[in-house]
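Both of the next two complexes hold chain A, though its partner changes from chain B to chain C.
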Partner chain A sequence: MLSKKLELLGAEKHGAFGVDCETYHTAAAISSQGQTGKLMYVMHNSEYPLSCFALFENGPCLIADANFDTLMVKLKGFFQNAKANKIESRGTRYQYCDFLVKVGTVTMGPSARGISVEVEYCPCVIANDCWNLLMEFMQSFMGSHTPSIPSVFGTKHDSIYSPADTMVQYMELFNKIRKQQQVPVAGIR
Partner chain B sequence: MADGVLSPGVNLEAFSQAIAAIQALRSSVTRVFDCLKDGMRNKETLEGREKGFVAAFQESLHSVSRDLGELERLSNLVGKPSENHPLHNSGLLSLDPVQDKTPLYSQLLQAYKWSNKLQYHAGLASGLLNQQSLKRSANQMGVSAKRRPKAQPTTLVLPPQAGLVATPELPILPHDSLREGSEKRIKDLFLLLRYVDDVINRIDRMFPEMSIQLSRPNGTSAMLLVTLGKVLKVIVVMRSLFIDRTIVKGYNENVYTDDGKLDIWSKSNYQVFQKVTDHATTALLHYQLPQMPDVVVRSFMTWLRSYIKLFQAPCQRCGKFLQDGLPPTWRDFRTLEAFHDTCRQ
Partner chain C sequence: MEAPPVTMMPVTGGTINMMEYLLQGKAGGQRGAGGGWGAAELCVSGTGSVLDQSLESLLHRLRGLCDNMEPETFLDHEMVFLLKGQQASPFVLRARRSMDKAAVPWHLRYLGQPEVGDKNRHALVRNCVDIATSDNLTDFLVEMGFRMDHEFVAKGHVFRKGIMKIVVYKIFRILMPGNTESIEPLSLSYLVELNVVAPAGQDVVSDDMRNFAEQLKPLVHLEKIDPKRLM
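Presenting the complex of A and B:
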């Protein structure tokens, strides 16, 4: 239904995209030394095929080469992959003027859990500058489902938006989806 | 069909006669060689043999020259294929029986028509352009000024506070200064460059959110790279103090070519900046005051600065941010208010 509205607006299909996220637990050896077991997320985004993103909840975001994955296999003594928690979103990219919209189905294991919507306004590098403009655009095809301002915007102020900011938003969205069955639509950037 | 095309310039009867004459010539030539090949026939006496051979040879040579003469006479009668065919010799292509297989002739005709039309339209366009030449710089003004008697020479008046040597008037045109000594010319040019630098520097200091980088990759004419906040970059090509060309690009777009020079030809990848580029070009035509080019540059930069809120300012007419997927890309020349391209008065 969203796709139909987008196409009615005049958006054109422009390939496919995919974002996936794997969860790693810190192994017992580290957590026994007083640290609480932290979760680390290793994510990939088809928009940046040569990169691999490693994020801690509320923590730093590390951008590495794609072969970071093999490193994680070697480090399995410290980080254990929670296979069942793999979650991903796949779908279609749309282009409308300078907007890039990605509508994806979020799946965890075999079951579909919801829909993700990523909206990017490519000409603008400061997320806060174009938020109102993005809102207006999202309202035009999402109506009342338009999300409120994402938390990353608050901390960014006037700094330049980076791919890592997108990944943080996907991580937050995926975490929300894991916790609840019914899923809200999320707007990103 | 072939007759129809050829007939105006060709005598058909003479033509067929000429073909017959060619056949006759060929057979007589063949006879000469036959005679030579056979050599002397067997006759009683050697003398008789020689006589018979020479007579036969002479006769056959005579018939050759006779036939040749006839052919020459006829070829004059045949006449030339018509010269006034519109396509000249290429018109003969239409006679080619292979025409059904190769579309060469029809293609040729189309190309001919096309180039005719092109020439016609180019003529119209050049006529129109000549009528509406945009006289926005003193250089062009100077040309028309020469027609007026006692016209003031086109000069750029240097303000005294510019901190330069006391030359009240500074020729701006290289060909004006050519008449004077080369020493003075170089001095003038040097002063002009310093003056341009000075004007640009003052504008740079005037607007903190705007940074201007001046470079002279091609000798005397300056190029500016204006960075406006984190919103956009503008490449400005100058000719002395007149702005020749501007290209607006995104803050995250590359403005250099592969060899590290400012890329003054390629446009932005984003529709919004392509639109702003169009408006900036319009602004160049709007702000014109040939006697005070520094004021023009300053007004243009002031106008350009209003794009700092390109993504934040709603349209002053419809109150919206987006129209057809674009933010308000137009800025009023006087009030600097934001409008959509279609919402401006």
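Presenting the complex of A and C:
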């Protein structure tokens, strides 16, 4: 339905996109030394095909080469890949004037868990300056499902938006979806 | 918008096993007194090489032998991080950043144990993974549970010949932790390293490396260093 509305608006299909997220557990080897069993997420975004994003919840986001995956294999004695927790969103990219909209189906293993919507306003790099514009645009096709301001904006103030901010939002969205089933949630940039 | 870092050679899909082939300057009398250096560091710290007086003649020779490129120098700050588990040996990662070129990404490097056996090979061979990263690398490693073991500053020259890389550099001790301004040289000599990063199994490169090393004699004797011998 969202896609139809977007197409009615005049948005054009512009290829496909994909974001995936793998979860790593700290192996018993380190957590026994008094560290809490933290989860580490390693994510990829088709928009940045040579990069790999590694994140901790409320922690730093490392942007690295895709080679980082090879390192995680070497580290398997310390960090274990929770394969069943792999979650991804795949779908279509739409272009509407200066907006880029990505509508994806979020799947975890074989089952679909929800729909993600990413909206990007390309000419602006400072998120707070274009949030109102973004919201107005989202209301035009999402109506009452328009989300409130994402938490990353709060900490960013007037600094420049980076790809890492997008990934943090996807991570938060994926975590939400993992916990509560079958509720569509939107992540916005 | 800030572009994410991209490596020079986007070759692998993460499937090719890259190996580093290494020859180092001959261990002479001027071994640096590397107090407190971890065992994993030995293959670098334990090698003597050319004394400061002979540096110019070595550089001159290298300029003649190597690819015709602009002379390149580097000034890097390297931090060695350890992750200790229940296994006997800790997991070692090296984080390096350039101190003189602000725009280049940080470099994270994993080096495996040297391959044993095979006396026929002329170079030390070990697994390696090179990753360019954003500048919050140290914070991230700490978050992962790593802790910094030691750090140093390396300053020197880099040359290339085909896929071979030759570095001539001096190691500086950092006097106050975290302050890369106050440093002192570890020794009166420069280290010389010849290395190649190639897919696993390409042992022919070690022959090329030996031939090249021959041409640097008698200025410097590059040898296959066995890290175990230095422990």
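The rule we apply is simple: the second predicted complex is superposed on the first by the 188 of 189 C-alpha atoms of A that agree within 3 Å, B and C clash if a C-alpha of one lies under 4 Å from a C-alpha of the other, contacts with A are read in each partner's own complex, and residues count from 1 in each chain.
Criterion: a contact is a pair of C-beta atoms (placed from the backbone, for glycine too) under 8 Å apart; a residue touches a chain by one contact, two chains touch by 3 or more.
Nothing here was measured: the structure is a model prediction, and the numbers come from that model.
Peer 1: Output check: A:Thr105 vs chain B and chain C. Expected answer is one of first, second, both, neither. What do you get?
Peer 2: neither
Peer 1: Regarding the shared-chain residue A:Tyr96, is it in contact with chain B (first), chain C (second), both, or neither?
Peer 2: A:Tyr96 contacts chain B only, not chain C.
Peer 1: Of the partners chain B and chain C, which touch A:Ile160 in the superposed model: first, second, both, neither?
Peer 2: both
Peer 1: Of the partners chain B and chain C, which touch A:Ser46 in the superposed model: first, second, both, neither?
Peer 2: A:Ser46 contacts neither chain B nor chain C.
Peer 1: So, does A:Phe56 touch the first partner chain B, the second partner chain C, both, or neither?
Peer 2: Touch partner of A:Phe56: chain C, not chain B.
Peer 1: Count the residues of chain A touched by chain B and by chain C, then name the partner with the higher count.
Peer 2: C
Peer 1: With the two structures laid over each other on chain A, which partner does A:Ala64 touch: chain B (first), chain C (second), both, or neither?
Peer 2: Second partner only.
Peer 1: According to the stated criteria, A:Asn132 is in contact with first (chain B), second (chain C), both, or neither; which is it?
Peer 2: Only chain B is touched by A:Asn132; chain C is not.
Peer 1: Once the structures are superposed on A, label A:Pro123 by its partner contacts, choosing first (chain B), second (chain C), both or neither.
Peer 2: first
Peer 1: On chain A, what residues does chain B touch that chain C touches as well?
Peer 2: Residues common to the chain A contacts of chain C and of chain B are 125, 160, listed in rising order.
Peer 1: Would you tell me which residues of chain C are touching chain A in their complex?
Peer 2: By the definition above, chain C touches chain A via 1-2, 4-7, 10, 12-14, 83-87, 91, 108, 110, 112, 129-134, 136-137, 139-140, 143-145.
Peer 1: Per the contact definition, I'd like the list of chain A residues that touch chain C in the complex.
Peer 2: Of all residues in chain A, those touching chain C are 26-30, 32-33, 35, 38, 40, 48, 50-51, 54, 56, 59-71, 74-75, 77-79, 125, 160-164.
Peer 1: Looking at the complex, which residues from chain A come into contact with chain B?
Peer 2: 10, 96-99, 121-126, 129-130, 132-133, 136-137, 140, 158, 160
Peer 1: Going by the contact rule set out above, which residues of chain B touch chain A in the complex?
Peer 2: Listed in rising order, the residues of chain B that touch chain A are 230-231, 250-252, 270-273, 311-312, 314, 320-322, 324-327.
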